[in-house]
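Naming follows writing order (A, B, C, D and E), and every chain is counted from residue 1.
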Amino acid sequence: MNNNLKEQVLRSSGVNVLKCMRCGKCSGTCPSYDEMEYHPHQFVYMVEKGDIETLMNSKSIYKCLTCFACVDRCPRNVEPAKVVEAVRLATIRKQGNNHLIADNIPEMLDEDLPQQAIVTAFRKYTK
Amino acid sequence: MQRIGVFVCHCGTNIAATVDVKAVAEALSHEPGVVISQEYQYMCSEAGQNLVKDAIKEYGLTGVVVCSCSPRMHENTFRKAAAAAGLNPYLVEIANIREQCSWIHKEIATATEKAVILGKAAVAKVHLNTPLTAGESPVAKRALVIGGGIAGIQTALDIAEAGFEVDIVEKEATIGGKMAQIDKTFPTLDCAACILTPKMVEASQNEKITIHSYSEVSAVKGFVGNFTATIKKKKRFVDETKCTGCGLCTEACPMKKVPNAFNLGLNNRSAIYIPFAQAVPKVATIDPNYCLKLRKGDVNDKVCGKCAEACTVGAINYHQQDEYIEQKYGAIVVATGFNPIKLDKYDEFAYNQCPDVVTSLELERLMNAAGPNGGTLLRPSDKTHPHKIVFVQCVGSRCDDSKGKPYCSKICCMYTAKHAMLIREKYPDTEVYVFYIDVRTPGKNFDEFYRRAVEQYNVHYIKGMVGKVTPKADGTIDVQASDLLSNEQLHIDADMVVLATAIEPDQTARPLATMLTTQMDTNDFFTEAHAKLRPVESATAGIFLSGACQGPKDIPETVAQASAAASKAIGLLVKDSITCNPCVAHSNELMCNGCSACEKVCPYGAITYQDKEFRMPDRTIAIRRVAGVNPAVCQGCGACTVACPSGAMDLNGFSNSQIMAEVDAICK
Amino acid sequence: MQEAIISKAKQLLADGTVNRVIGWKKGEFAYDITPAIFESAEEIDADFVYDDFTSANVSKYLVKESKKEGKVLAFLKPCDTYSLNQLTKEHRVKRENIYVVGIPSDGKLDAEKIKAKGITGITGVEKDGDTLKISTIYGEETMPVAEAMSNKCLSCKSKKHVTYDELIGEDGEVIDSNRFGMVEELENMTSQERYDFWRNELSKCIRCNACRNVCPACTCENCVFDNPDSGVQNKAAADSFEENMFHIIRAFHVAGRCTDCGECSRVCPQNIPLHLLNRKFIKDINSLYGEYQAGADTTSRAPLNDYTQDDCEASIVHERGVE
Amino acid sequence: MNTFTYYPGCTLRTKAKDLDVYARSSAEALGITLEEPENWQCCGGAYTTAKDEIATKLSAVRTLNAAKEAGRPLITVCSACHNVIKQTNYDISNDEEMAAKVNNYLKLDEAYIGETTVYHYLEMLRDVVGFDNLKKKVVNSFKGKKIAAYYGCLLLRPSKALAMDDPENPSIMEDFIKAIGGTPVIYAQRNECCGGYITMEDKAQASKRSAKVMDSAQEQGADIIITACPLCLYNLKKNSGSDLPVYYFTELLAEALGLKEANNE
Amino acid sequence: MQVNENKEFQPLIVAFCCNWCSYAGADLSGTNRLNYPTNVKIIRVPCSCRVNPMFILRAFQKGADGVILCGCHPGDCHYTSGNYFTRRRMTLLFSMLDFLGIERDRTRVEWVSAAEGAKFAATMNEFTEAVKKLGPNRRLEDLRCRKQ
């Protein structure tokens, strides 16, 4: 259990994980569920336990679509997507941990890809 | 010279853990007039009370101050103890050093300091207390029950049984309430109608009971023992005394496309209707929003009139008007019940998008023999048998999201188990899934009942919540949910989805609470006088609570509470008179100006004026107009005391000088 | 005017309509006019005075007078009729025992203002258009009428009689006065400035009770400040707080009942602008609960004994004006 | 009241010119003046929910403040820009700490605390123009066309901040479709994410998501699908493997108003 | 009022609470162990309309630094209409105190129901803080009561 990391995630997300009643609706609604190793309800629970590093090292943090379905549908107003984002930021803010590297971009592009996709990817996966 | 006794309670550690009770007793012993200051572990215990009684006798106390829990808790206890020892009960004051001191503060030094100050204020006040004698006021021997569901019916029957007149006011066209709409009951699986309708009939036949159906309480005045209620009998356009309930009119009515409210809109009825076969009173009612004639606005118009033609007894009256009845009551029982919440904000479950997503109450109607499908469970959309049904628990309950309710609706776990079981029993080829967060089954034979659903009927209970319900083009419904135990996201191709919808108090409860000056909690459930010890009384004397208006309840609990409320009401009604609150206003005639300011602000009309002869200081006789308070009518709010400019009007138990003394003691 | 009043008084006494008259007579000085009871034409001829110094509102005297045998005649200026109406509404006078003759008023003079000009030994005054001719033991002096006018008359709110049995002269109209100007000025000051202003004014109070004794709304059988059970009994302010207490409570007790007759300030020997406290309440009542003029009628409900469900909250005080 | 500050956003200047061009010409035809603020910056495309990220929120605040200074409501048309700007505005109005930090950074003459009203172009059609009025101006009706509205996630959620429509059963785009004469097709996936954000990260997932959306619309019999988001359009067209035509709603609007050569076959 | 040299100023707050709603709300905040400062001392009155302006002035006179009056929510008065009168009386009284230059934050009316224990505690915390910021009540006190 890493208290500093937990503190950081809680502060950064602004989420009170103790409000969770373990209903699992977030995971029931998540469109990326099958791509994730850890699911939204697990993010909330594991952050509560302080098991942040496991999450930071999981690919799951890049699978969240930030579609806010879990945020809107959570009956307890927990906002799991914000927890996922806070964990992802905890990872990519570390030196050299950018998930997207500028040099790799050109090969990902096609002529129709909107700027938006690149900008968002940068915003979400780099620091 | 005053001889005051101070008694400081430890309340076990409730007070003693944060307040140095010995120091409080010691500090208060030096207050003027205090002749004895003691502390004891539990002052409210018999031994504690004896301490107070003995001290009153031994020291000839003229006043008692108890530093303990809230006066709302034990003021009466200590007043009675004082009275038993021969001291006027109103010479007792309570310093609230538990709820308003030890429980909210942590630091012993400051909490003790505050407790001493609160004690000093009580001592200062008790110095000015005067012996008060309570007056008496007569009790009207009639009860009003508001709401005619199972709670109201049970309460009325019990009160009538004790020999008192009871009026039931029901806003719908029939009594019966929600229970009349329910198919079977848990955990015995009796047919609800079979056990309810005899009670409805009993109520209608009991000569002590008057049922005002299709009526509302529009005003309530007065106070315990002496309420006056105005009942509005809404125009139903049918003369209740003539109608025989034969139903010819409903057949004759050409307007047949009215959503049937009793079946929750799952089928249609005619514009003139009898809600259901066993309705009480079995009298027709015209729905003016759909009636071809009444909708026209001009009843003299020659439109339709088929029902009047069909009626053999001439009961139809298109000119009927609302009728108001005023009646005196000694006690009022609130039994306004509940409703499922609206699901507008929960469309991730597609309730508004798919007819085959229904609420549990709708399922009751779908499964009921008197329901839209005659008791065969069919999908509302295409009237086919569903083969896979998904139940979703806690829809709108246990929420903290402004859309739902923060509380557990309590009845859903059990009725869902019932539904699941009944479906599996009747249609073994149907798969039933229940998505739950927790299965809550506290109650006699409840958990056993739920286990039977799982073990005997093989209902699939899945721990997890449904996230999204998607109606598909082929008529099936994709239910996407999490299965928390197997850690996977499931997709179930269901034929029907049933939502265990949260329940909320009826909309009429809030304005009624205002009328009755009773308190409600933030969810609009009526607040009981004490959560544990007075669960069926409201804090307002003479108003009792029956059924789900006080909190979510199942039928046995509702009936139990209904009978409890009845017994409390009976306890009041058997008295010929009740002891009034002696803390009422009184006017010092020598100082009264006769200006009428007090009369204007009195909500009870307790103040009247008369011209009285007074001998003036110069020995002349003067006739002056002075105010007098009727102590049986005054409730002791004190509005008049502030309206009075000369200070002639004062309040027993909370006099100007007493409150000033408290202020001084606190601020010293 | 004096002749007309005197002859009316004599006539009503003679024909038995009334059996006594409440009027005024001279005191020690020419400008020192005080209310008095007259029971015969002889007494009237001897002492009855009505002139430009005759300010005193006799309504309050009617509390006692109207309860005696027979009928009493009272000459009331427009502002006085509001007081009488208010007293009638509060059952403090027996209106049926009073014969009211409404008299017009074009404003009364304040002797202090004349004296402030260095004019002393006043023996009489006469208005000549806008000029006031003052005869003194030292000879005649003049000054503009407006400068000698009593403050309460400078902000006159009505020339209309709201109750009378008979009128001398024509009745006037309710007029649009600028009576809240000073209240507004104070409201626009900072809290500290307001405090300083009032501390300066109220600290002058000597608790002579003149304001209370003259006030037609202060007719309590027994004033709360004389009542040992009230907890605020005191004869004289022992401390700055008690001056505040006395004047706040007095203003609060007459709030919604004060007709703004201005007598409190007129009689204050220390010239404390006490009417501003009353006007503040009147202004607040008008703006928060709708226009209300105490004494305008005898049936309306006093604003403090009334309410609506959507009255503003007390926090409105925080939301407006200068902190 | 018919002049608005208009924020196009970067994608509308390049890959999503259609969205922009038709939005402008239609607005003009509807009597709405759109004024573009000078020197606007890219909104960043995605809103960072982290409370300790301030820098990424500044460009949105600059835009909001420009509208405030112009004394006009702000209109956006790209779903992503709208989402970022609306969330920023919501947080700055409701989170004092964040507002303080942002204002410390920006050092504006007057602190920005959420004064600007933000409309999506669709909201402008609904609340300012009115769908009834729009209906009257339609020259080329889409009568008989079954049109599926794709909201995606950005227009509706988080609903507290976006507050545009019922997040689970929205109707604004369906009402728009009815106004231009078409028949709206309701399908379950209309408010589920197409996987746009993840396009560069995980093509497979984006394909899966967008296919699901397209299939759902097609299953309910849609002829075409409309959206307000360039990334959705790209994803649904490119990655779904479906041949259901996808258009910007503004293109249909312009066509309905007769501002585009009718290409109804 | 207690001023210790090394300690921060501790204001004395007098709270008048109606028996039916606010006093019960205060009890509930106790039952739920919701803390608020010891500065607050509650005086129980049957209804907020029992509170005479004289009580409030008296409290200030004797050294209170803030006075708060709590009653049932408008419409929910146990006595039907008491709090409506309270609302008018206190609005005018507070306006007058403001007019006399007394700091606005020393007086307050708050409606607290019997169910609002949390609101009661929060209100008391807030009010105490606000009065703390103002410092000791100097403008409306009886100098003889001033503690050294």
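We take it that a residue touches a chain if its C-beta (ideal position, glycine included) is under 8 Å from a C-beta of that chain, and two chains touch if they have at least 3 such contacts.
Quantities reported herein were computed from a predicted structural model and do not represent experimental measurements.
Colleague: Would you kindly count the fewest steps from chain D to chain E, each step being a jump to a chain that touches the current one?
Modeller: 2
Colleague: Can you tell me the least number of steps between chain A and chain B, where a step is a move to a chain it touches?
Modeller: 1
Colleague: Pick the pair with more C-beta contacts: B-C or C-E?
Modeller: Of B-C and C-E, more C-beta pairs in contact link C-E.
Colleague: Among the chains here, which has the CA centroid at the largest distance from chain E's centroid?
Modeller: D
Colleague: Between chain A and chain E, what distance separates the C-alpha centroids? Give it in angstrom.
Modeller: Distance between chain centres: 47 Å.
Colleague: Between chain A and chain D, what's the gap in Å when you average each chain's C-alpha atoms?
Modeller: 24
Colleague: So, what's the distance in Å between the C-alpha centres of chain E and chain B?
Modeller: Inter-chain centre distance comes to 31 Å.
Colleague: Which residue numbers or ranges of chain D touch two or more of the other chains?
Modeller: 192
Colleague: I need the residues of chain C touching at least two other chains; which ones are they?
Modeller: 224, 230-232, 304-306
Colleague: Taking each residue of chain B in turn, which ones touch at least two of the other chains?
Modeller: 348, 468, 601, 643, 656, 659-660
Colleague: Applying that definition of touch, give me each pair of chains that meets it.
Modeller: A-B, A-D, B-C, B-D, B-E, C-E
Colleague: Once bound in the complex, which stretches of chain B touch chain A?
Modeller: 348, 394, 398-402, 404, 435, 437, 463-468, 480-482, 484, 487, 489
Colleague: Inside the complex, what are the residues of chain B that reach chain D?
Modeller: 344-348, 350, 352-353, 468, 470-473, 478
Colleague: Would you tell me which residues of chain A are touching chain D in their complex?
Modeller: Checking each residue of chain A against chain D gives 11-14, 31-32, 35, 62-63, 65-69, 71-72, 79, 81-82, 85-86, 89, 99-100, 105, 108, 110, 112-121, 123-125.
Colleague: What residues of chain D sit close enough to touch chain A in their complex?
Modeller: 9-11, 14-16, 42, 44-46, 48-53, 56, 78, 80, 152-153, 156-159, 167, 192-193, 195-202, 205, 209, 230-231, 234, 237-238
Colleague: Quick one: in the complex, what on chain C touches chain B?
Modeller: So the residues of chain C in touch with chain B come to 67, 90-92, 219-224, 227, 229-232, 253-254, 301-302, 304-306.
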